[in-house]
Structure formats: C-alpha cells, structure tokens
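Once you scroll down, you'll see the structures, which are given as structure tokens.
Here come two complexes built around chain A, the first alongside chain B, the second alongside chain C.
Now for the complex of A and B:
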C-alpha cells in the first residue's frame, strides 16, 4: 500500500526513572512480562506491516533492542534498527533517517503505544482525504490506581497534567487546532475559523502519537524548519496552523512533476477532469476556501490535516509515566488482556507454597518460586523471582530475578530486576530501581529508591 | 458456446447481466484457450470437446495406456459400457488409462462393475493432469495415495456412486506402487508425444497424436485451476459446459445478484472483501436489491487497509471514496475508476508463467468486484469496464509487456478524452442552440453536462434564468447552485415538492441522466421522473443530456428491478438539525421500513429529446445509437 512504517522506540526516558536504566532501555521495559515494544510490533505485524524501521535513541540501547527484536521476531518481521543520538527529539530522529524514507506516505508510531486500534484505519483515512498529515486521537484513559470492584472508595481522578486542546471541524474529520498544555490563551487562526465557520474544542482527546505523513511534506518541513524538535509539539501544530496558507513549498514538488510530464494540449483536459471530479465531491472547507469568492481558479494553496478518532471502546494508552506504566500493567492483565496473545496467566512452572493464593488478573513468570501463605493480587511477577513466606503483593509489578524476603508487604509499587528485599520490608507506592537492596524491616511510602550511580 | 454473444441479444434473459462485466473473463477464458495455446497444440479440437464420447476415448488409448498393463484394453471397454448407460456421467472421454488394480478391487465388491466405471472416469482427470504440466503435480497425487487403501477396504460401495469426490480420491489412492510407476511411465510417454507434437510446427500431425495431445493438456488445464485432485473430480462431474459457469461464480459475485436469494447471498458474503451487515427492515418490493447497514462497512474496510494486498492502493482509495460518498455522479465515478485502473496498470507486472492478457483481465475483475462491494456500479462504469476488458483481450499476443501497458494506458486516456470530455463538449454545443434569450431553464439535481451547458450559454451572452430543483437527502443542487451563482447566473432554487408551482414559468427542462436505455427510458437520479412528468403535463419540452457511452441496450419498464438503495438513515434524519428526531428509536422497529431509492426510470413518453454526442435524437432512436456505438467502439 506504499506505506513505510517508522517506530520511534525512544531510549532512556526521564519520566520513567528509576524503572529504566542503561541496561533496560524504555522499549524493553516489561509490561506484563513482555517488553512494551512488543505490543507495537505485534500490532503492526497483525496489520500485515512487516517492513519496519525502528529508531532507538543511543547506540547501546539500539544494540539491546536489536538483539531482542531479532530474537523475538525472527522470520516474522523485517526490521531495520536505526540508532540516533539522544535528546534530539522525535522530529530530530525522523530527520536523521529521513533519507531512508521513500514511500509515498509514512506511518510514524511511537514505540510506547499500547493500543488495539488498527493502524490501517488511520492509513485509510489518510489516503481517503489525501491529507498532508493524519493523526490518531483517542480518549484520555482513566488513570489512577485500579480500584475496580474491590475497594472502589479511594480517590482516583489523579489525572495527568497533560491535556491536549484539540479543535475539530463539525464533521470531526479535520484538525483545526492542537495545543499540548492549557495555556492562558489559545491562539486560533482567524482564517481557519472563518473558513470553517464552526470549531469544536475538545479536551477529552489525546494525541496517540500515531501519525501518517505525506512523505514530501514531512521531509520538506524537517528540512526547512531545522529547529523543530518534536513531532507533537512543533511539526504537527505547524502543519495545522498553516493548512490554509500552506507555503508554496509544500505543494511545489508534486505540481512541478505534473507540469513537466504533460503536454500543454492535454493540460486543458486535465483541468477539465479535475473539475468534474471536484464538482462531484462534497468540498471540504479547504476546497471552498481555496477558491476565491469570485470563482476564479484556485490560487491559494492548502493542505489537509485529518484526524482519526479511535472509538471509545478501543484501548489506547501511551506508556510515558510511571502512573501510565502501572495502569497499562493493570489493564493488560485485566480489561484489555486481548492485547497479549500468549495468554499465560501463570507461567509454566511456578512453585507455590502451601496456602499461597494468587488472585485474578495476575501474571506469574516462569521459574518463580513462592513460599507459604503468600498473597498476590492484581500483580505481575516476572521470571525467576524468589518470594519468601507471608508475603503480600498487591497492585504491584515485580520484574525478573527479584528476591523478596519473608513477611514483606508490597502495595502499588514497581520493583525492578535483581532487587533484593530483605525481611519485613513494607513498600507502598514506591519504585525500586534495578539492583537495589532494601534492608530488613524498612518501610517506605511513595518513594523512589535507586542505586546511586558510581 | 460464445457467451458474449448470447449475452448481447436483448431477448436473452441473461440481458440483465449485460451492464456489468465481471463475469466476462472466465467466459473468455473458455472460448479463448485454443487461440492462446497455439504454439503448443493445433487448434483442431473444438472447445466443446470435453463432452466427447467413447470413440475419441478409444483413439486416446494408444498413448495413455501403460505399456506393461494389458488389462486396460478390455477394462476400458467395460468402463465404456458401464458409463454410457448411466447418463449422469457424460465425460467418458476421459476414461483412458485405468489402473488394472482398480478392477481387481472393484470386482471384490458386489455392485462392482458399476462402481468402477463410475469411479474410474473421475479418477482420471487427476491422474492425467499430473502427466502433462509438471512433475510436482505427480508427487502430490502420490502423497495422497497410501492412506486411502485401508479406507477403501471399508467399502462404501453403495455410496460411491453418489459421492463423487470421495470415490475418486479413494480409487486413486488404491493404486499400488507398481501401478503408479506404470502410470507415470505412460504419462511420460504422453508427454513426450506432446512435445514431439509441439515441435511439429502446425498442422500435419496424425490424428491420433493430435487428439492424444490435446486431451491431456486440456485436462491439465482444468486441473491446474484447482490443485486439489478431489476438486477436479468434482468439477469434472458437472461436465464441460457447466465448469466455466462455476469458475465465473468463483471469480466475482454476480453484480446483479438477487439479494432475496438467501443461499446466494450467503455465498457472496463468504467471498466478500468488505464485511457488510445487511439492513434489517427492508421494503418488500425492493428485497432483491442489496442494502447494508451504512457505517459498518467503512470502519471494517479501514482496519483491513494493509491486509488487502492484491488491491492496488489507487483502487482501494477510489473504493473508499465511493463508499464514503466522496465521489459521486456517473462521469466522476467513471473517471476516478479509470484513473485508478491506469495507476494499477502502470504498476502491473505479469507474474511468471502467466500471460498478461488473461492475468490482467482477472486482476481488473477483482478490482471491479471490490468496487462493486463498495458501491454498485453505475451503467456508465459498466460500459467503461467492458471497453477496457475488450481492449485487453484485443491486445496482440506479440506485444511486449511495457508496450501493452502503455497501449492500455493510452486507451484509457483516449476513452476519458473522447467519450467523456469531448462528448460533453459536443453536447454543450448542440444544447446551447436550444437556449434563447428570455428562456427560463429548469434543471434537477446536479448534472455535470447541464452545468456546462448553462455556463457556456452564459458565456455566450445569452440572457436566461435558471431554476434549480433539488431534493433531500443529498441536496446536490445546492452545490450546483453555488457554482452557478458565483458565475453570475440568475437562479431560483426550490425543492421538488414545489415543482408543479414553478413549472408554469419554465420554457425548457434540461436533465442529466445516469443512463439511457434502449426503449428510451431515462435512468437517472430519483425525482427526475417526477420533474419530467410535471413538465410534460405543462407542455414544457424536456431535454435529456447524456453521453453516448452511458447508453445501454437493456430495456427497463420500471425502477424496481434495477435500482440502488441508499442509506435509510439519510432520510430518517435531517442533517444539521438535531431537534428533528421524531424517528429516533423507531428505525429498528419491525413495522417500520425505510426506503431511500437512488435512481428512477423516466418513461420515454415524457422525454422530448435526447441530446448526445451524436446529435439530438428522439428517444425512439436510442437503439440506433446503442447499435452504432457498440459497433464503432466496443467490438471493432
């Protein structure tokens, strides 16, 4: 279908410290015992997109990610890994691989997207409107600790501070305004407002970081505006802002080609055909605008910025904060468990002691051992963990090779790989970085524990 | 045997299929093979030769019978004797080599003879098929062999006769190793003969060799369409004439399927690319037309965007645009389709071991069936597709691929330019002569030709007034009105309800048409008939403007048999006015049926004149145009 797929996997995310580290870049952060990148790749594979470019920040991370991909998706996907320097932003990353892009349209997916929205839907919308950029919007997920059912009384609504203010046209097909944070005043182009007549402002939608770009437009913008760092904060708003006064540069290339190929005589007929086609379709506001009121031929260049709004029933979350990490872990084992195809709730050989209970919505990795009288509820436990007796794990994520001593109580926490918890440790809403050792009998609440860098 | 010709005659009941051409390729593939296979085999046998009877079967034997096995001769005779009385199996020509072991096994059963004879012919195509084209097929049949032996011993002797595919399989499986070797040898011999035959340039081959050569290749051809041996048997069972029909059905859903025929609908659904949910409450009279829940198709198609590999992106895009209503109108749809096909042809490359002519036709057919699933074809598109397929079929064999492709692309351009654009210009030229100063012209909906006529007349400085009559739910007239007003024409806009009030001021009615049928009936946007009738009552001349490529030889007396159903929601809701919600919640009720027709048929009585690119003609002269047009452009 002439689409190229670029997965922006990222590298070391500051939002997710101490969960990610040099040894464990963000794309490999396990969500329900599967690296988060797996969800994106798996979904692309299901959509029959087998040729991918994965962009990773940092050479080391790229090596790790590449090794994992080649181990997991061998014979299934054709993946090329590109390593880009850190902190050049999403736009910078695309700029770095820009010369590899050849297809007519580019599908850019963020590597931390956990969703079941088919990318084909976005691509189809893009093609149907012949848009310059199409972005996927999804409803903002309900965040906050899962109290679904059992103890629903606690306050959640601890919403993320990041809103998107999104302006749509009445048919909900075109993007008219996008701003990341609530600012005191939103600047909306009068021209757009005039052309559309009516604009709907929404704050309940989130930009899902899945975009379809027209390649020529994308490359042009990246070339010319070399200060742009982020797709979401720079490129997309720029394209949206300029959709009605699209600088000639956006349209020059295709037109030049057309004119070069055709003879003058046939141009008349071409104009004729395009007029018939244009008259036959319901014009979008772009079309109406581009014609001058007196009906003379189009002189103003426009391009379309479309949106695809995922239906509210589909699941779509980005893993960009620790809270989101917890939410996704909860959802993947719970409501949205269709995302994970190998559905092993309990790994092949966990050794459970007597009177140990594992509640619903749990996942135990292979080779984990648990002592007597343990309780595990709504939690994920990685591979080869050793858990002593009388341990309570609720709403938590325990990664691989973790040792937990007897009598520990762990609530709402993330415990990274190779952590050692000695006896009677109590953790609540904590994040424990990889390789940390928590001494016996200590209690922590809402803290982030990590080994100091030496 | 020539289905194309029968389809063209008006009296034939098949005339219904005429406007829509997806079935064409398989039909051609039936009649064409002799021509395409020229280099390999002389064209001597008639295409119907599949039905040949015993004599030719005898002539085959010299080549096909394994030399080591002598039974075959008398066995063949028994087989023939057995088959000829049982009328159901008319393909005894196929019974050539019969593994002698069959006889042994069969004789152990009580109904023996008949069983064998019934089985053996059907077992043949598979075996023979393996003989000619490639060794791989042979191996396939070998693989199938062993397990069947024990199975057969169980003896489903009674059922065998009825259950063809099973018996065929089991019989084939029963042959022993020695048998198979013998068979292979025989096949090799046949192959060698065929080769020898092929090298002898054209004619002078002996009769025996000729028939022996053509038969196996024929069998091979039929089997190569389906790789499975049992399927071959099944198709053979139907006999030569019906097989192509089956193929055709497989190729594409019948465009004019009767949608009240449940079994067919089920079958079509299995094939469909677009998953469609049928609307529940349909009007009784229009049950035979497809109607789907709108809004379910688009998301489904969208999610499959990357999975429809064989579909060319351009075609896919056009399909989406049809489905979502972004492109409408006969000319626009036709042009969009042809431009997409042009793209597809540009990117096309013939797969190995296939010929461009046939493979491309099949490819186009699959595109067309996809487009049909998105929205039923218009008659103009049907004619255009017929033109294209005809062009592909007429390509000289010697043409290289790139030449063929560029020829086709030129043909497409030529069609668009000549048949659509030039003819519109000619129509405009003719029609403008009918506009005088002071006229009040009425038009209905938004026809591209009528728009051009009005604009051109305006450019010529004629002073006239335009009445644009419109109707819900599409309100296409508003778009036309917008463009006319911008150009400075003086216009009146009204809805079709008021047409009788405004008609007394009108001096001419200009209408566009989706198609003109050979009895003069004008097939056009729903509401046109009403306008024409009112104009007739007021003695206002009705001029229908229609390009000649939209003419069709079908005869239609009402707008029921062929029509298109639109989205019923479009008439139950009023766009942009949410407060009009009287029907909310009622739409799915058992006793409410919504009907949103797209087209209607205007009887020729109400049409004063038809303006086409051949000039201005009375509606009674349409058959002449149809005939001339066919002769000039399609079949030349």
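Now for the complex of A and C:
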C-alpha cells in the first residue's frame, strides 16, 4: 500500500504529570507493562502498514523512543525517528517533517491512541472515496471507574463528556461539519446543507486522532496556512469548511479535459440545467457542486472529507489524562485484553510469598517479588518490584523497580518507577512520581506526589 | 374527540389567526386537526392521528404533530418546487421531535446556529434542508389555550412554533410525521398553483384527479395525460399535446396548438392560437391568433385577436386585452385599480390566493367602475379593459421566483454565478478568520459577541423600562396580579427575554418603587419594601421557577445597591431575610449565591459580608434539619 504513516508521539504532557518525566517520555509510559506506543505500532503492523515516521518532541525523548523501538520492532517495521522542537503543535510537527513525505497518502496517528480499530480500514475508506482527508470517529469512551454506576442518579447528568459536534451526511460517509468548541452554539454552514439536503449532527462521537490525508492536499495546506497549529483544530475544520470550494486542488487542473470542454459546453449547459429543473437526484452532493455553470468540471473543485466510524464494540481511547491512564490500564487487562499479545506481557512467573493472592485482571512483570499474605486485585505490577508482606494493592498501577514496604495499602493509585514506599503507607487515588520516597506510616488521599524540580 | 376545522386561506391577515383560535377555543374539546383550505392532499390521517394519540399517552407535553414531506429545494434558487422559500428543520431522528424551525431564512446569513443545549441534550440531531412543511397539523387542546395566553402570537409557524421551541419552561414539544407515498402540498403562490395543477393532472393526488372528482363519464382520460370532457367541440386540425385538460362546452378552432395546459368550461378558443403551460378558467374567449405562454387567465376574460401573453402574466376576472396587444411578462392585470402601496401586500394576497374573494369583488364593483374603465382602456390596447398593476421597485427582481412561468435559464445561470461570488466571499471570510490561527476564535468571537451583547443590553434596558411601567400601572390602577403576570409575559415574548430577565426586571421595579416612595429613615424604607413585596409577591414568584432565577434576583439586588438605589445598601441583609420569609427566595438560592461569591474579589463581597449572619443562620438551620432527618 502506498501509504506513509506518521505517528505523532508527543513528548511530555501536562495532564499526565507526575507520571511522565524526562526519563520517561509519554510514548514510553507503560500501559499494562508495555509502552503506550507499542499499541499503535502493533496495530499498524497488523494492518501491514510498515513504513513509519515516528515524530517525537525533543531530542532526548527521541533518543529514548528510538532506542526502545529499535529494540522491540527490529526487522518488523521500517521506522524513522524524527525529533521536532517542543510545543509546535501537531500541524507544526507535520510541517517540520513535510519533506520526508513522499507517498500518495499519509496516515497520521496519535501515539497515545490505544485502540483495536484497524488502521487499514481507515486507509481503505480513504482510498475508496479518493478523499482529501478521512478521519476516524469512535464512540465516546465511558470514563471513570466502572463500579461508580451504583453511586446514584446525581452523576447521570454528567454521564458522558462531550468532545465534538460532528455533522455527517445521511450515508454516514462524509464529514460535513466539525466543531471542537462544544460550549458555543453550533454554526452550520448553509451552503453545505444546501448541497447535501440533510445533515445529522452527532455529539456522541469523538475524533480519535487518526487521519488519512492526501499528501498533496496536506502539504499545500501546511504551506499556505502557516499559522495552523493543530491538525484537529485548524487543518481538519479548514478542509471540512472548504470542501465545496477547494483551494487546495485548484492548481492541479487535470489535463486533457480542457480542450473538449469548449465544444460540449453548450450541450452540457442544457443537460445540466434540465437536470436541475427536474430536480434529479445526483449520485453525490459533491458532484453537482463540482460543475460549472457551463457544465464543465475543470475549474470548480471540490474535495471530499470522509469519515470512518469505528463500530461501537471496538475499543478506542486516547491516553491524555491520568483518568484515561487508569481506565486504559483497567480495560487492557480486563475487557479489552485482546489488545495485548500474551507473550509480550507475562514474564517468568514472579516469586510469591505464602498466602499471597493475585486476583483476576492483574499483570505481574518479570522478576517481581512479593512477601506473605499480600493481596493484589485488578492491578498491574511492573518488573523487578519488591513488595513486602501484608501489602494490599487494588485498582492500581505499579511501574518498574518499585519497593513497597510491609503493610502498605494502595488503592486507585499510580506508582511510578523507582519509588520507594516505606512501611504502612496508605495511598488512595494518588499519583507518585518517579523516584519519590514516601515515608513510613504516612497517609495520602487524592494527591499527586513528585520529587521537587531538579 | 376529533374535530376537523378547515381554515380558509384568505384569513391571511395575521391578526385573524389569533382571533380564529380564540373563537375556536370555545368550541373544541379534545384533539383537532388543523389544515389550511388551500392544501391539496390525499394522505390518510389515521396513522398520524394514531401516532399523535400514542405519544400523548406517554408524554402529555407532546401537543402538536406536524406533517412534513421530502422535497429538496433547488440548489440554485434555494426554493422548493412549490416556490416556497427554503426551510431548515432540526429533528431528532429517534423521537421525531422537532427541535428547530427556520423558514424565511435570511439569505445573507451563511450559517445556521443551533443552540448548544439542543445538541447536548440530543446525541443525534438531523438537520433538514430537504423537507417541506405540509401545513397539516394535529393539535391538542393546549394549543388553543396557548393561543389564548400568548395573545401576541399571530402567525402559526413564525410565532407559535418558534415560540414553543424556544420556550423551555412549559416543556411543550412538537413532533413531526413524515409522509412518503402520499401527497400533500399547499398553494400559496403562483408557482405552487402551477406545480400542484401539474401534479394533479399527472395523477399524483389520486383519487383526487379530474376524472374521478367529476363523476362517472363526464371527463375521460386519454393518452398522454389528456383529459377531455364529453362535449368538447374540437376542430380536426387542432393539435392537442400532452397533459392537458379541456372542460365541458369548450370550443377549439382550427390549427390551434395546446400543450401542458388547463382550459375550463364553456371557453371559446379561435384558430391559430398557441397555448402552452397556461391555466384558462371558465367562460374565457380567446380570438384568433393569440399566443399564451405560462399565464393564468381568470373567468370571463376576453383576448382579442392577435393578443400575446408573455410568460408569467395573470389576467384577473373579466379583463379584456385589446387586439394585437402584447402583455409584458409577469404583469398582473385587473379591473380594479392598483391599491396604494401600504396595504399592497395584503391586497395582493387576497387577489392571488382564491377565486372566491376576487369574484366577489369584481361582481360587486363591476357596475360602479365600468364608466371609469373606458377612459384608461388604452392600457391594454384598443378595446382593452383593465389596469396593469405596476410591480414595485425591488420586488421586480423577485417576481420570477413565484411566478407561474418556469424560471428562465439565463436567470439560473446568473444566479449560479452570483452564488459562486457569494461563496468566494464567504470562503474568503473564512480564510481571513482562520488565517490568524489561534487568534481566530478570540478576535472573531469577541467581535460578534460584543455586538450581540450590546444589542441585548439595549434590549434589556428598554425591556426593563417597559416592565417597570407595567408594574407601576398595575400598582396605581390596582390591576389584578393575574393580569399583570399576563402583561409581563407578553412583554417577555415581544422582547424575546427569558423568564430570568422578567424576575430581575420586576424585582427592580418593586425596589425602585420602594425607594421612590417617601421615606425618612432606613426602617421606613424597609417597611415600604416589605409592603410592596407582600402585595406583589405572587407576581414576582410567577417568574422565579428555579434556583438560578432566584440567584439572578439576588445579583440584581446587589447591583442596585451599588448603583441606582444606594439607600438599600444598608438594608441588604434585612431585605434578603424578607425575601426569604416571603418564600420568594429559597435557602438553596441564597446559599448558592453565597458560595459563588465566596471566590469573588474582596470588593464584590461587601454584601456577602453584611449578610454573613443571616447566611450563617441559614446554614445552621439547614444542618439542624439534616440532623433531624
């Protein structure tokens, strides 16, 4: 397939402090003991999309990510690592690597997407419609701990976060409207509505940050609109807005058509007008708009903005907040465990003390040791952790090389690598940054603990 | 019980719609079907009625079901084949609830704005540009009472439907019923007259087609959609094209060509006449060599030999067109003088819409006017009788839109080019906005919002004044509270305000009255306020439906204390207490106000501090209550 894949593996994300750090850039954040980037690359490999550019913000992060990829996917994927400056936005990142893009179509995937939707399906949709841009939409994930359903009716009012307002045509193939500002009233272009007749406005779909672009269109837009920062907020809405009056394709007039036009124009004129008068149904709304008043189709250009809607049963979540991190960890070990190929995850069986129980939906990394009478439920424990006796770990994520003293109780928390928890520490809904030491007997609730800035 | 009432179309004048409903409300009990007399339909109401009834059982607020039909407007003229303007509707695809209705869309506005709550409440909304309103409504009795309450509703669609969709206090809902195979359309202009006539001849409205309606054997259908009455006198050399109707007793001369036309009863048509796409009513005489294209010719008209009617001509009753005279395109010709400009719209509507009124008038006026006519007869050539109505400036450009004649192709091409230019402009605008990247939302948003805000502020100020005047009148003339509520409601609707604004404005008027009444000390002022609040609490209360609105009142009061009525500043906690005692403000509202203010600037917290004690007391009371539970 003539597709080039760009994986936008952004560097540090403010929403994820203290989980990410210089030593652990966001793409390498472990989800069920496996860097989050793995999930994207794995899916791409499954779809036979093997020509990749991974864009990382910052040189240091790029080195780390590069090292990991070459270690893991050697001989399986053809990966180039590109480092771009920080905070230039998704469009900026693409602009920076624009000269590397050579294929006819470009697939852009966010590096923090954990999904079982095959990227190949998106690419196929894109090709089928010969679209300028195709975006993947998925149902909005239900966030929050799953058992909170019992907490009663009050939360129901805010059950789902609203992410996008999306307008689709009746066949649900074309994207007609997209708005990210859900707090404002939606303003829908009448011209597009005229062309298509009816538009379905959906607020229960989310832009999954996986796009297929026609390379020529993408490069043109990035060149001309040099202030565009974000793919989602600038480039995509721009393409959707201008789909009936495309400028991106204006200078690529197909040859050959022009000569014939002169002769047939009067004839076309009649045919076209009569078709409008007869109110004949046209195969596609783009068709009628791509015609000139004189019937020729060479100068008026339209481009198509398509969507691929993932089926509601598929799994598709972006790791962009701590809540999402917890949710994904829970789901990947639970409902969506098909995302992981088993051999990658379960290391050599760890050493467990007597009367220690490990419940279902848990992962234990290789070389971790646990003392006596421990309980682990719905949790993930990384490699080479040392866990003392009488420790309880519930709904939590423990990364690598963590030392947990006797009698600790950890609930709903994230413990980053190299953390030391001394005896009888109680943590509930906390995040502990890498290398932090929690003193014996302390209790924390819903706090974020991290080392002071170096 | 279902009652079916026909609404005669010439009730067109707005006021009468209200009057009609008002008078009906004494006669109708239960659901009813509202249909216009100018609607042609063969739909069966059973299913729609059943749907309406079922919905009513589940949801008492579903008070109306509108019938809609698929009809995509032309992409060039943006009007439907019935000549009506485009219509935008938002419908929930699952429940079929109507959420948004915009006819008479502003052409210049390039976008539609949907309220954010509307989208938030409905995960999926379908925005339609391809539906046509059939003007057949199934209504419940509440519709009548709503018309009684809101006496400023004049137009069923523009005021009633929109008012209902915007108003979320009563929670009334409108639903739609889409018909697919049956026919329903309304004649309200010449183009729809033409379109529907053609549909009838092409039998889309079966069983309402000429041969069935006229009974057994009077009219026969022949090949190519030709309807011919039994006793038509037809010359051998006459050429009849497809889709024509010829009524009883009509005589047609030699070499006359007729196609796509309707010719009524007892007409006399001479030789070498060409008639295309025209509607000729009864008792019309057309002499030799006339040419008619896309014209409507009413009863009793005489076309002298060689007269030509260009496309879009309408000849009213008993007009006579002189020999060889060419009636220019889109002219309207009547025996009556053209009415003065002011009420022209209305008059035109009368003349257009039905034969009934027109006939009445011409009969009545015939005798009186006759001598007058001969003087101006030259307007229609030698021997012609009638006046050509002038088209007003500006309206001329639009004349072709609703005419009986098809839109000329050069118009279409011109429109398309115009649209291209428009589009270029619009896209350019879009570019300008988006080119600034990040700033786009700020700069653009701020600009328009400021304007909006200013507008709404102006509106609000004048609204407040009106409310105050109403309130003062109510006080001085001892108007009953119920009536005052009604009046304020009317103001609210005419200014398009929310009930929050009403609460604020009424409270403002009350306090202002208290300040302006003579008083010497703070305690007297307090007494004044207490009196007024006691007397009018019902009025105020009827606009405070929820906590947000109550908070609004507190905020309003704060604002007053700072600006217009500083006398109250010292009394703030007392008045607050008073409002609480009178159950105008709930403790929740006060506490939430206090919570909101907690985070504000120090300067904003002046009144919060003053009423600290009271709030403290409220909080304790609440806690005690909780403990009791």
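Please note the rule applied: the second predicted complex is superposed on the first by the 389 of 454 C-alpha atoms of A that agree within 3 Å, B and C clash if a C-alpha of one lies under 4 Å from a C-alpha of the other, contacts with A are read in each partner's own complex, and residues count from 1 in each chain.
Basically, a residue touches a chain if its C-beta (ideal position, glycine included) is under 8 Å from a C-beta of that chain, and two chains touch if they have at least 3 such contacts.
All of these numbers come straight from a predicted model, not from anything done at the bench.
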Would you check which partner chain A:78 touches, where first means chain B only, second means chain C only, and both and neither mean what they say?
neither
Partner chain in contact with A:2 - chain B first, chain C second, else both or neither:
first
Which superposed partner A:119 touches (first chain B, second chain C, both, neither)
first
Based on the superposed arrangement, let me know which partner A:198 touches: chain B (first), chain C (second), both, or neither?
second
Quick one: is A:229 in contact with chain B, with chain C, with both, or with neither? Answer first, second, both or neither.
second
Check the residue A:22 against both partner chains and state whether it touches chain B (first), chain C (second), both, or neither.
neither
Looking at the overlay, what does A:49 touch: chain B (first), chain C (second), both, or neither?
first
Most chain A residues touched (candidates chain B, chain C):
C
Residues on chain A lying within both footprints (that of chain B and that of chain C):
269, 273, 276-277, 279, 293
Under the touch definition given earlier, write down the residues of chain A that touch chain B in their complex.
1-3, 47-49, 118-121, 123-125, 127-128, 269, 272-273, 276-277, 279-283, 293-295, 311
Residue positions on chain B within touch of chain A in the complex are 299, 301-309, 313, 316-317, 320-321, 324-329, 331-333, 335-336, 339, 416-417, 420-421, 446, 448, 451, 479, 483, 486-487
Spell out the part of chain A that touches chain C in their complex, as residue ranges.
162, 165, 167, 181-191, 193-204, 225, 227-229, 234, 237-238, 241-242, 244-245, 247, 269, 273, 276-277, 279, 288-289, 293, 300
Please give the residue numbers of chain C that touch chain A in the complex, ascending.
72-76, 78, 81, 86, 88, 90, 93, 105, 109-116, 119-120, 122-131, 406-407, 409, 412-413, 416-417, 420, 423-424, 426-427, 430, 434-438, 441, 445
